[in-house]
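What follows is a pair of complexes built around subunit A, which joins subunit B in one and subunit C in the other.
Entry: the complex of A and B
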């Protein structure tokens, strides 16, 4: 039997994980899709199938537009700030000197913390009266810049983003460091021999060679951005008055604060579709990168 | 570490339990018995003590208690109810929230034990009507009653020579005195949004009155009505004048309360649970802090008290409904009601509780409640949860941008109407 159908043995090993994956990932996803076509409140069994009504409503919902705008700002910042910082740190800290190892560990440390812990730490840092951020600004005589960072509608989203980026930068640095090890040293040497300065070497040799790492960083950053919820919830709960609502927070608020699970599910479906597009682009880019090196 | 007052209250509770429990023993109660509640920092140890005493008096019961974080409870209990595995009994906020789950058939009426134990004679009629009765049936036994008023730092009032205000103009005068002394008059910590509702509630109750407010809470009146615009306008006068401690949305209610305790602000509009916080700081009621009722604004508007009432209810799917009902009956015992009130700093809803037990401040508050013809629930317990979300956000927005409040009210009305329409 096994000799005639050799695929049976590996398939049987896959059965359990596939079952778990189906139960805890695929099934809830399909459930969300189903509920997005209903007016289910999140509890009870009494609900109606309302077709595309949730989707028609959501695109004229002021708070959804607000969440989309905030998510776009977040995504735009996330693709640039921690990516560039991660790259800069990786370039600065490559090599095996002890001090570099120490700094690498320090910058990577935030990745080991849960987003909830990061959020709590930064809430303290941003405290209007005793937070180190305002104390620092006041110490420099910049009292007019000190503000209630998380309560000020103009700064709340950016303040939470900085806390998130602080964690994300460490991850990006590690990925870029791994990428840098695959840049052939003779290539860099050859560029220098040909008279390229540091900037030219970086732009013409190192960064192009880092393309696979950059694709990974950008894809992970985009996916992490879209699903970032915990840190925002801990720091502002989307406030003040929805100013730091992202799609994930909007989805939660509609589902669990307003008890509109059907409507919240429609937001979840849109978020899922956006994530799916990014994953598709990621796989396409990595496939191209693989072709480049094959 | 328990403070001496909490320790004393726990001991009183245990003594009360020992005295009361045998009398209430239900010999035939058997099986698992589950209680869920949202009393965390304030009241958690006392409700657990009450449950333990009840179990001790009913040895046939196997008890599983599950305290849940206050905010988390709002969602988790609904999931449990929908999943068909709810606790036998659980704490719940009287008003729109109970009505919300009564409408979905998640609660069991308790008319049988209500009548059999003559509970109607044990609570004020206003409390029975608003907190215990839904769709003409009894569903809930009130355990706590909190009242919202202005709590102030007595030393600061003496320092600036301020008298307790009884009218709006006097309130503004007092606030101005504090401003001249360089002290913010009002402290508000609305990072979690709900403390802001008390300002809106009280101003609206003192101007448009309770009947209009009920219409607004039910969707029969609009947030663009002149009554609401006026209420926000009066609130704006205080904000614009700089009477509030800066950055209200950056602080929680207890931080705002501590600004008053520390002398950084003069007063805060808060519920009587603030007494538990201040007692924990070794502040003496009537000496270190005192209260006054929110001043009259329109003299011809009937007075109204405001606050939440915590109750216990029985799940429709309770596995041990007999034990749950016996527990609710146990909660009506005046010794139990007093033990919890003493511990958690609230007023006991039961008329059988000896009010001479109260400290001076709580006793005067009890008299205020008795004198007011109306007891209204605060905003997020008076209007359905989806609408409350809209309103609570608007109070935070108002504190940040008071200048745009009329445009904001247009949006609030549109959003609130959409939520009412969505509820059918």
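Entry: the complex of A and C
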């Protein structure tokens, strides 16, 4: 039985964490909004409040629209490829058989690696002469397909994306596997008894039941995509010719390479706004899922 | 979410037993059809595991490449034997990247430990306090406060990058490990609060009330009764926070500069810049940098996976 408590009791537990959270998370977030209206250059206190000038400028900046385009391509790929692959792996590996447990563990493995290390490893895989991707293609006699994956403007973004998806797939599989444990076995068996084949059972029973997990996977994927910086920075630094420059990389380069911190802040604010939209959609979807299943 | 989920029997093995197992009644009743079903099912199984195995092999290529390269000499790598099994199992790559006069990874490993351990402990500690305050007490606005804290989980670090960079400069902590410790502590509070609040919510209140009747005060209840119960949740958070903070690159990249305050991931990336063609060294460094999180992965996988899905499903 919970009753209302005098505020002093919870406050004595909450004060310290809230203070730290407010000072180092909330305040900086609000500060970014403020800087996005200034022309601060990264040092000194001599800067002006310039209103919406940064935003006016950014929407006519070709590098920015390029970054938005790359981010959109990335998001489109990210929502589909690792999601479907993660789902397929989860469906194939559910259950407690030894072989399933071993396979699952190996598919999880990339989750515990740093994006920096994943980036470094994949750079060798894509190496034009000795990389296994090209060795493999040449071995198949497809020499004309072999290219310098990360230096070729047409392939760089996709090559980096695949390295990123290598990690994201395992994470998605974990979430789908957790979701699958809540699909009641009798329901699946009932469908089979009623004569549904595997595909029908999947389409009509399992996938609808996995809806909450799917929503989580899509939301997490979108948020992770928007903020992922490290793996791109390690593999291409956004190049060649800004072809793999996403919003997160653009924000970093403008702020910390060109020292346009006010301008960079406006990019960060736009990134933040996009995240907010995803969070909003996510909460609306989960609310709907709750209505369905409660 | 913290209660253990009831073990749901997986339908497929059960049905497989029913169809394939030595069950004459079942076989007879189906009259020959079962033989066909049996074959179809076995073929399906074989195809399924065949496909899974091919995907797995493709999946493991990068890991294999990193391991074999780490043990090869420079000469062996340049000879084109990048993907073959190493002939000599040389340890010189490891020695070179650890050498203070070359790769100097020893220093960066130490720095990363000095960063990761305190930041994990502090974020878990603060999250436990906040989680207890929100999970065990009702007060005006508690739900809103909870959402306000948990929302921090979704914040892209980019939104705080510039102000934190400036703040750390202003308070004189820029280019120290303290700056990174503080920021990881603060950014870890949302997930830790979420997990601990959900945990405390399912701890029976009778425990607390009995202790109150026995004359214990609220703080000794928290310390003596509640905290010992939280060990499983703490283990989940410890694996999660350690892995994230250890692997993080962006914050130390922004907030530190000198080698003395460099973390392992920043150090490894620097190394690849200095030794662009030294694949063996890069591979050895990558293995060394992954050892602590691989250790967690191997020995505490259960907790780690639990944490991933907790954060994900509830988030």
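In the analysis below, the second predicted complex is superposed on the first by the 288 of 294 C-alpha atoms of A that agree within 3 Å, B and C clash if a C-alpha of one lies under 4 Å from a C-alpha of the other, contacts with A are read in each partner's own complex, and residues count from 1 in each chain.
Please note the rule applied: a contact is a pair of C-beta atoms (placed from the backbone, for glycine too) under 8 Å apart; a residue touches a chain by one contact, two chains touch by 3 or more.
Treat the numbers as computed from the prediction; the structure is a model and nothing was measured.
Colleague: Which of the two partners, first being subunit B and second being subunit C, lies in contact with A:62: first, second, both, or neither?
Modeller: first
Colleague: Taking the superposition as given, does A:37 touch the first partner, subunit B, the second, subunit C, both, or neither?
Modeller: neither
Colleague: When the two structures are overlaid on chain A, which partner does A:268 contact: first (subunit B), second (subunit C), both, or neither?
Modeller: Touch partner of A:268: subunit C, not subunit B.
Colleague: Just to be sure I read the superposition right, which of the two partners does A:74 touch: subunit B = first, subunit C = second, or both, or neither?
Modeller: neither
Colleague: Among the partners subunit B and subunit C, which is in contact with a greater number of residues of subunit A?
Modeller: C
Colleague: Quick check for you: in the superposed arrangement, does A:256 touch first (subunit B), second (subunit C), both or neither?
Modeller: A:256: touches subunit B and subunit C.
Colleague: According to the stated criteria, A:242 is in contact with first (subunit B), second (subunit C), both, or neither; which is it?
Modeller: It touches subunit B, and subunit C stays clear.
Colleague: Once the structures are superposed on A, label A:171 by its partner contacts, choosing first (subunit B), second (subunit C), both or neither.
Modeller: It touches subunit C, and subunit B stays clear.
Colleague: In the superposed arrangement, what residues of subunit A touch both subunit B and subunit C?
Modeller: The answer is residues 256 of subunit A.
Colleague: What residues of subunit C sit close enough to touch subunit A in their complex?
Modeller: 5, 8-15, 44, 48-49, 51-52, 55-56, 59-63, 65-66, 69, 77, 80, 82-83, 126-127, 129-130, 132-134, 136-140, 142, 145, 149, 151-152, 154-167, 182-183, 185-187, 189-190, 193, 205, 209, 218, 222, 243, 246-250, 254, 265, 268-269, 272, 279, 282-283, 286, 289-290, 293-294, 296-297, 301, 304-305, 308-309, 312-313, 315
Colleague: Which of the residues in subunit A end up touching subunit C in this complex?
Modeller: Counting only subunit A, the residues touching subunit C are 1-5, 7, 9-14, 16-18, 20-21, 23-29, 31-32, 35, 85, 89, 92-97, 99, 103, 105-118, 120-125, 130, 132, 135, 166, 171, 174-175, 178-179, 181-185, 188-189, 192, 198, 212-213, 216-217, 220, 223, 226-227, 229-230, 234, 248, 251-252, 255-256, 261, 264-265, 267-269, 271-272, 275, 279.
Colleague: Which residues of subunit B touch subunit A in the complex?
Modeller: 74-75, 78-79, 81-83, 104, 106, 191-193, 246-251, 385-386, 389, 393-394, 396-397, 400-401, 411, 415, 419, 422
Colleague: In the complex of these two chains, what residues of subunit A are touching subunit B?
Modeller: 39, 42-46, 62-63, 127-128, 147-148, 150-153, 237, 239-242, 253, 256-260
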